Structure formats: C-alpha cells, structure tokens
Amino acid sequence: MSYTMFSAFEFKRKDTYIHNLDPRTKMFMTLIFMTVALLFTSIVPLLITFIATLIPVLLAKSVKEWLSSLKGTTMLLVFILVINSFVRDLNFAVAMVLRLIVLITAFSAFFLTTHPDDLAQALIQMKVPFDFAFALSMATRYVPTLAREAQTIMDAQMSRGLELQRGGLTQKIRNLIPLIIPLIVNSVRRAMSIAESLESRAFGAIKKRTYLYQLKLTKGDFLFLCFLIMYFVTMIYLKFYFPFTTWMEWKLPL
Amino acid sequence: MVLIEIKNLSFTYANTEEPAIKNIDLTINEGEFVLLTGPSGCGKTTLCRCLNGLIPHFYNGEMEGDVIIDGLNTKEHPVYELAQKVGLVFQDPENQLVSLNVEKELAFAPENLGLPREEIRKRVEETLQLLKIEHLRHKAPYELSGGEQQRVAIASVLTLKPKILVLDEPTSNLDPKGAEQVLKTIKKLNEELNVTIILIEHRLDLILPYTSRVVLMDKGEIILDAPPYEAFCSSIPEEIGVDVPVSIKLYNELLKIGMKFNKVPLSTKDAAELLTEVLK
Amino acid sequence: MIEVADLWFTYPEGTIALRGVSLRIGDGESIAIMGENGAGKTTLVKHFNGLLKPQKGTVLIDGVDTREVSVAKLAKKVGLVFQNPDHQLFSSTVEEEVMFALKNLGFTSEEIKERTNWVLKFLDLEKYRERSPLSLSGGERKRVALASVLCVKPKILVLDEPTIGQDAKQKRKLGELLKKYQEEGNTVIVVTHDVEFASKYFKRIVVMAKGKVIADGPPNKVLTNPTILNESSLTPPQVAILSYEIAKKINNFPKDIVLFNDLLQEVITRVKR
C-alpha cells in the first residue's frame, strides 16, 4: 500500500515537450495554477482553471500517472466534499473539491515530469545552497528504498507471528516497536554507509563545486512562459475587473 | 614502483577494546592484483578503510603506525585528496548510487573537486566507454541489474582517475552472471590500464587465475602473504576457514595419494587440462 | 506438504512476478529455489506463509488454502527467515529476541523456556543469551535471526539468501545445521544464488526465470544443463565445470558430477585402474 502511494507522484522518464521544459519554468507554472485556483470559489471559473491545468498533463502524456495520484487522494476529496456541504452548501463543497483537484494536478504536472536531479540543479541555480539541494535530491532518491525496507520489516515480523491489529490501544502502540526499531537501526546503518561512499568520492572537497549539467531556458521555455503569463493576466482580469456574467455564477440545480 | 606502504599499523575503533587490526606491514607495487581474504570479522574491511583515509579521518578511534599512499601519509592528507589515488568500492551498490542517473553518478566525484565542465564531460565519456556502459547513461539505479549497478559504482570512482582500486566484497549481493561481469571488469582495469587492484572476494574460483598475490588475514593480523599457488597449497586457509578453490583442493588431495604434477592448477580450466593428461 | 497450483501474482505497480507457477513439495524434502534477481523466487516463498495471497491459482499448506488463514496461524507451520537479519532484530537480548515469536504464537511459558533453550543450543548461541543482538557480528546476527524463527520448530523452514555475507566456515556450519533439521523430518527450502551451497546441501533444485519454474530436479541434472543455466543467469558449480571439461576429452567420464568427493573418487578409481 505504502509503496503505491509513493510511486503515484514518482517521476517517469518520457520524451515530451513538458518533460523537456526547464524545471524553473514548471515551478512557475505550478505557482500560477495554484494562485489562480485560490482566487476563485465558484464552480465555473474553477472548471476553466482545471481544464487549463490539464493541458500540461495531456501534453506530457501522463494521464494514467495523474489519475493514479488522484486516486491516492480520493479519501481526502470525499472528506472535503462532505465537511463543506455540511458547513456551507453543496455548491461550495463541489468548488472546493475542484480547487483541490487543480492543486493536485498542478503538483503532479510538476513532479511527474521533473527529474529530481534536475529539480536539485534548478534550486542550485536559484542560489539555494548545494548541501540543501543535495539533501533534497537524496531524500527523493531514497524514499522508495525506505518504503521497500519498511515493507520487508513488516513482512519479517509478521512471519514471527506479530499481529498489528491485536489488543487494545496501548498494545497496538506496543506492536509497532518491532517495526520501528529495525527501521531506525537500518536507516542509521544505511546513512553511515552512504556517508562513507560519499566521502570516498571527494564529497565536500571544496566550496565552489562545478556541475556537469547547466540548465538553460530554451525557446520552448519562453513560449510556454508566454502562454502562462497570458493565462494569468486573463484570469486576474476576470476576477477583479470583469463583472461576473450569470453563466460564470452558475450553480448546481438543486 | 611502491604505491602502498603500510608500516606497523593498528587500529581500535572508538568504544571498543580489541583492536580491529594490529601489526599490519604491507607493501604493494604498482600494477599488482592482490586478493585479500579471511574469515568474516578478520579486519579486511577495516584495512580497506585505512587505505583512503576514511580511517583516521571519518572513523574515530586509535590509530598507530603509518599508511603511505603514493607518497602521501594518510594522517596528513584529507580523504578527498587520497580519493584521487585510491578508489573505494563497497558491497552494497544501493548505498553508493546516490544520483538518479548514471551520467550524473559518474560526474559526482569530479564535480566535488570543482574540475572544469569540459574535463568532467571528458572523464565521464571515457569511463562510460571503458566499462561499456554507455547504453545505461540515462538510467536510474533501480532500472539496472545488480551487476550493472556495481559496474556503475566502480565507474563512479574511476572518474577520479585513481591508480589504486580497492573493492570490498563487490559481488556478494549479485547473482553468478552479475558477479562474473564485475570480476571481468576488474580484471580488464588491471590488465589494460595497469590499475592496482586490492580485492576482497569469496568467489576464489573465478578470481584466482587473475591475481598475482594473496594476502590472508585472521583476527586482525596478516598471517600469510604469498603468490596464489603457494598460498593455497599450505594448510593455513583450511585452518582459518577460508574456502580453497576446487582446482587446488583436488590437486592437494591427489598429492596425498602420491600423484605428482609439475604445476599447481589455479583455475578450473588448468585443473581440467592437468587431469585429462593424467587420465589419458 | 506444499501444493502450489497455477499461481499468478502482480505487484500493485504492475510488475508480474509470478506467471502460473505449479509446484509440489513433500514433507521432509530439501529444496533450493534458484534464479536471477527478479525471477520471482522471494514472491513465491512469501506465498508459503500467507504474507502474499494468490491472485489466481492456489497455495495449499497441508491441504489448507492460505487465503483462509492468517499469517500468524501459518507461522506455526511455516517459518520464513529473511535475508537481512537487521530487518527483524529489535530486542535487547538474544533470549528475548528468540522468545518474541513464541509469545506471539501463544506457547505456554513451559514450552517457551524449553524451545528457547533448545534453539540456542542447536544454533550454538548459548554464550550470547544475554547479549544485545545488535552488538553481534554479521554472521552471528544472521544466526540469531534464524533462531528467532526456528524456535517455533516449523515443519517447513524457508530461508531467503542465507549465505550472503557468510564466510566459508559459517556457510559449512549453516549447511550442516539445515541438513540436520531436515533429517529430523522437516522440510527445508532455501532461496539462493549460491550454486556451490545449493549443490552441496540440497537434493532438489527448482530454477525460476521470469516468473515461471523452468527446471526442477536433482542438482546433477539441473545445474549442469547449459540451457537452464543460461536462462536463469546461473553458472554451474566449479566441480561440474571440471567434470564436464574432463568428459569432453576422456571416454565415458561422467559429465554431470557436482559433488567434490564424487569427483575425487572417480578420478582416484580411474588412476588406480
């Protein structure tokens, strides 16, 4: 279970226009989609936003992966729908669900198409210190490894008769000890072993490190940025200067 | 030319009482292929860590004696400097491959040294070609087989252009075919580039024909240092629980029943030839 | 007895690990399951104690469908030891580590005591009884992990890659212990890459490749067959290579010897003739 959850947002290498965009362009894209989603609270404009957000997912040929990351959040979506229809009304609830879907889509469009190493490189070129960017890329690198390890530990202890669901609350918490201790011990051992290997490859030798790759904005990036800005300006205009016509305020026929 | 000189070396890890290695004296020349072996816990790994300065710089403890690598005393030079002389490869490739793409993995070490980009590119390309892993260039570690992973790990230290390669049980986690690939790569580096090899390995049958020297350790000390045919004809490996290759084991047994041979078979192929002669 | 019939299994991310495996393992057998990484070996043995349930096909343990019983219940019959001991050791002493499974499975305190004593003696771990498992060396930790499963005295004992990280002496010791346990009437199954270990201590070799069983038979038939070895990334044991090479040149010299002593005897009798 845990493994699929992680793999939903995992990068998959493909050769598409969106995959080949500079991570910084895509970062900007996600930021714009987020901002726009947060500007509106009614169904129609959020639907338009949603369609706009879907374009990069389609261009990236990642619909299947996007759907699986949405599937992972179904529970959350249902929860938001129910809570909001109680607190406000169904219209608002549907709008909020749409907003969340837009946010998830915007993030998937980034993470599904951006190589974690490229993300790290982008951060470095945005003047984030190397140590920080490197830690981030290491974290993404080892998340699946840790998830797999956690699964193996669980299997090993279940093979020794451990039943996680057994007993009352305190017993249930105690049931976790045989999982947590090996996980910690292994992570520490792994960290030592990784550190040893990094040291042996001259890690931290000098302050001013060089990089094999250098990210550069291309024509494709500028084109995409143009569209993004045009889209953003339109949406801002709609929000603040354009008096909402009736169809924009359309409500569910209840 | 002497590349490695170890003089009266002992090391005790912090928080332990027994020294992990003691009284080690060892001199290794350029181009040698040394097989380092011994029962588990004999101090092999500790000795490897002394060769590129992880001991005493990374691991805490008490060190006596000196290790001199190509003229540099490991006590006085940091690991990153020694790493350009000695490449260290470990058992588990998972913990050595920290990037999500092979090219970047190879570039990692020279990037750390701040080399110019063109130079890094050149080294990466050369190494990819040398180890015949060009087709893997854009792959992530989890897309590689065990043997490929370990060859990438070797490549990732080779971009520092070390004269010495130290490999600590590089094939333990691999299936037989993967192990064979890795051992062939190591042999090639030794033969074609004259890289000095120090290899810890249990699959002696495969590697013995390539080695020029066997160093046997037990309980933290070197107890035997001899050419392969001599090392395994003595009774010491058996006594400390190191496996003797089948070819030599058979040879030893046949000597016992009074047969005579003019040479020691180091490989299964040698043994087959020898026996065919006898049985004809 | 284990009966696997047309077993299929696909992981959630889409990897098809098993593609119609059928296998019958009788009581008291000694079996090595071999093949390259990703052939489906570990996935298969995880079905033996119900950690994974068949998606298609069935797995019966002594006639009981694994889908109908819990892992804990099967654990009394099928002991599964994982490759890395650090994935299971967590107690403060070796003794407690061993008692963990016994307590979980509801043994009486009398039985717990008796079995703990038995297993510590059987695996030569008595001297470490009060030690922390984490302070032991790799080889010893591996023995403690084995003890922590063997204490249940499972009728079927399964070990995943038991020889990784073990030196020659430790391997020999392990091989002999497993043989002894099997000779007491239990089934011992190992998953391994180690052709030397498998040919020396196991009577039946099951080779897997790409989710299927591609060979099943005694070591001298399976581990000397080039087609099978090629398909599964295995290499023949050194003794087999030697016997094969000699057989090419010498008339009616057997080409499928896998045990060292058999080869030695063969050579000696021929020389003396």
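In order of appearance the chains are A, B and C, and numbering begins at 1 in each one.
The criterion applied here is as follows: a contact is a pair of C-beta atoms (placed from the backbone, for glycine too) under 8 Å apart; a residue touches a chain by one contact, two chains touch by 3 or more.
All values reported here derive from a predicted model rather than from experimental measurement.
Across the two candidate interfaces, A-C and B-C, the one carrying more C-beta contacts is B-C.
Seen from the C-alpha centroid of chain B, the farthest chain centroid is that of A.
Inter-chain spacing, taken between the CA centroids of chain A and chain B, is 42 Å. Chain geometry summary: the mean Cα position of chain A and that of chain C are 41 Å apart. Here the CA centre of chain B is 29 Å from the CA centre of chain C. Chain contact summary for the complex, chain B toward chain A: residues 49, 52, 54, 57-58, 78-81, 83-84, 87-88, 90, 92, 94-96, 98-101, 103-104, 107-117, 120-121, 124, 138, 140-142, 156-157, 160. Against chain B, the residues of chain C that register as touching in their complex are 36-37, 137-139, 164-170, 172, 193, 195, 233-235, 238-239, 241-242, 245-246, 249-250, 253, 260, 263-264, 267-268, 270-271. On chain A, the positions that touch chain C within their shared complex are 1, 3-4, 7, 149, 152-153, 155-163, 177-178, 181-182, 185-186, 189. Interface residues of chain C, counted against chain A in their complex, comprise 12-13, 46, 49, 51, 70-72, 75-76, 79-80, 82, 84, 86-90, 100-101, 104-105, 134, 148-149, 152. Chain B contributes residues 38-41, 91, 145-146, 169, 172-178, 180, 202, 205, 241-243, 245-247, 249-250, 253-254, 257, 259, 268-269, 271-272, 275-276, 278-280 to its touches with chain C in the complex.
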